[in-house]
Amino acid sequence: MVYITRREHFSAAHRLFLPGYTDEENFTVFGKCSNPNWHGHNYILFVTVKGEVDPVTGMIIHLRHVSKLIEEKILNKVDHKNLNLEVDFLQGMVPTSENLATSIWKELEEGIRSLGGMLHCVRIEQSENNIIEYYGE
Amino acid sequence: MVYITRREHFSAAHRLFLPGYTDEENFTVFGKCSNPNWHGHNYILFVTVKGEVDPVTGMIIHLRHVSKLIEEKILNKVDHKNLNLEVDFLQGMVPTSENLATSIWKELEEGIRSLGGMLHCVRIEQSENNIIEYYGE
Amino acid sequence: MVYITRREHFSAAHRLFLPGYTDEENFTVFGKCSNPNWHGHNYILFVTVKGEVDPVTGMIIHLRHVSKLIEEKILNKVDHKNLNLEVDFLQGMVPTSENLATSIWKELEEGIRSLGGMLHCVRIEQSENNIIEYYGE
Amino acid sequence: MVYITRREHFSAAHRLFLPGYTDEENFTVFGKCSNPNWHGHNYILFVTVKGEVDPVTGMIIHLRHVSKLIEEKILNKVDHKNLNLEVDFLQGMVPTSENLATSIWKELEEGIRSLGGMLHCVRIEQSENNIIEYYGE
Amino acid sequence: MVYITRREHFSAAHRLFLPGYTDEENFTVFGKCSNPNWHGHNYILFVTVKGEVDPVTGMIIHLRHVSKLIEEKILNKVDHKNLNLEVDFLQGMVPTSENLATSIWKELEEGIRSLGGMLHCVRIEQSENNIIEYYGE
Amino acid sequence: MVYITRREHFSAAHRLFLPGYTDEENFTVFGKCSNPNWHGHNYILFVTVKGEVDPVTGMIIHLRHVSKLIEEKILNKVDHKNLNLEVDFLQGMVPTSENLATSIWKELEEGIRSLGGMLHCVRIEQSENNIIEYYGE
């Protein structure tokens, strides 16, 4: 079993808030991430796939295919977008990096399996100092 | 003459567009950075000051003071904010990184001088791959 | 279960040596890290917490609180300090990064639990090339 | 149980191809990595060892010894070399990063054990965006 | 005058040697970079353009166009290629990073000018530790 | 004229203080860098040399020689040392990064010239956020 990871980037706007809360209450829960006028980040996304190495080709799965899948399923929907308003797979939830990671897992899991691998980890670096990982359970 | 640089971070939303243009025209000029629903970045800001080294203390200017000045004049206004809507020193201009760099220069120049140094460079890394520098002329 | 990591920094002096050994013997065991006149490092500290995502807020634990806990329990005691002479939780042991990692775990574990998460990993990067991780067992 | 990681570098040429295939077939399987005139990479190698911390020295294993072992067993054979033509432990296989990781594991496992640790992970970063890990099973 | 930089990557094989020299003589001049079986690198390329900021758009030159120019003129010719054998603009010279930097300058200068900017610097990072810059004079 | 840069590392202890000042006065001037029990850093040192490219070899100066010179003149004296107590070329001055940069310049200038290049810049990164550069004037 070998683990292979692809790193990708996207930039997006978001706001952390609960609709029924006042701005003050949202600030208490989410801090300056609740700014009503939006703010944004450069997100770094790491997708890790595990699988057996093919004894002929020496590969698990071609990273070009993983990269293309991430582009189609995730980057085309989130890059230079507003995570609260424009992303179908984030509707109805607060766009925290925790929810991003678990939602991206759901979007990618089947596609990775159809490429012949198993999704192992979705990692999001919202900044150099704040990192989220989800392993599917 | 020695050069001393302080690195700082901020996260903000923006949109590149010209008010009189249609969305299509804005897309032609600014690409996906013109998304009407905003997007955002983690900006890295480098401020470089030059000056003579004090022969007693071995310092030009204390970086704590530079850091505090950047916090007061810049970070408090832009971090977790919307660069189009909320930043006084960016009013009336498209919030490109070019305009950010020249505007931050204007905000910092006098304060750096009153600390005993000369502002040499404002550098903004909008992403790992896109970098802007302004040297005041 | 989602994993969330906070990155922090500190700079400190240390010396690796055993009190009953001569300088030559200490050099044999610890190499140039045994220099009697001290040396030091910029340490990067990663603290990883695991927990369930709150379905309402989309968060496990607020990273501001983790950051504040690390500041109070660890950074205030080690940043710009001498790890051999000044740090209560390192008394009586050689201040290797291994001992730092296990000691920081002990200092943080209860506080993380009282914030509603579970401490998962303490990681110390003593340099770009030397990294230590402790998972509590 | 504590985990300690040493980072090392090497630069090498390689070509991904199967001898019985035409250039077109190899391009289909391996993409531009199949260029018949070779290409190359700066590889970053992380070797992680686990072990108990010695209560006297506060160390698992001295990283100098790990570094020296990696130099003798791996770097001397692969740095500034052609992975297809010149590396004994890669003979008869396609020099993908997957095969590199599992082969380096085999080369290092016994040496790490004789130093008193257990090999835990071999990680290869072929570029910033493509990462391979092997945990020995 | 503002400076804008685009970062790009490529991976390539090369060998440093002089045709009339023996392998030993080449090793004396070029060290292990003279390995007759090739080796290779991940090169990071930074292209810096200077220009006046357009008062309407707030941009000097669109980085998409710079990126596209670099792709057409440079990356398509060097990425996953052999710098000694396959790159037209490097024929007849030793493919050192110094020659790469000055040659890339020549390939890009006119195209940058036709985009409305002035080429300011070509920077090549052959590794984290070895960096080359050329400013056109 | 091409510029070539070598990156090196060292770790050292230091204390910023003036002998005639009380601990309180030193704290006012130097902040927590004045801790009487020392602290330390991982310093990253960049040495930039400029010169004409040799039309035969395609090199200005071999980086191996620059690296060896830096090791002999600088790293052997400062790595894992106490900058206040043990470094001959820092005697009688406060070991700030400003003084380090100008002192390293003096130590290297003649050696670089005898290798056939001209010293252009000494850059010290005391941390990710604090950077000092000296250009010799």
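Per-chain numbering from 1; labels A, B, C, D, E and F assigned in written order.
Everything that follows uses one rule, which is that a residue touches a chain if its C-beta (ideal position, glycine included) is under 8 Å from a C-beta of that chain, and two chains touch if they have at least 3 such contacts.
Remember, it's a predicted structure, so these values are computed and weren't measured experimentally.
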Interchain contact steps from subunit B to subunit E (minimum; 1 if touching): 1
Any chain in contact with subunit A as well as subunit C: D
Residue-number overlap at the subunit D/subunit E interface, same or different (half cut): same
Chain centre separation in whole Å, for subunit F relative to subunit A (CA means): 41
Inter-centroid spacing, subunit F versus subunit C (mean Cα positions, whole Å): 28
Where subunit A and subunit E are represented by their mean Cα positions, the distance between them in whole Å: 33
Subunit A residues counted as touching two or more neighbouring chains: 128
Pairwise chain contacts, counting only pairs that touch as defined: A-B, A-C, A-D, B-E, B-F, C-D, C-F, D-E, E-F
Contacting residues of subunit E [partner subunit B, same complex]: 1-8, 46, 53, 56-60, 62-64
Touching residues on subunit F, where the partner in the complex is subunit B: 16, 18, 29-31, 93-99, 101-102, 128-135, 137
Touching residues on subunit B, where the partner in the complex is subunit A: 9, 11-14, 32-33, 35, 37-42, 79-82, 85-86, 127-128
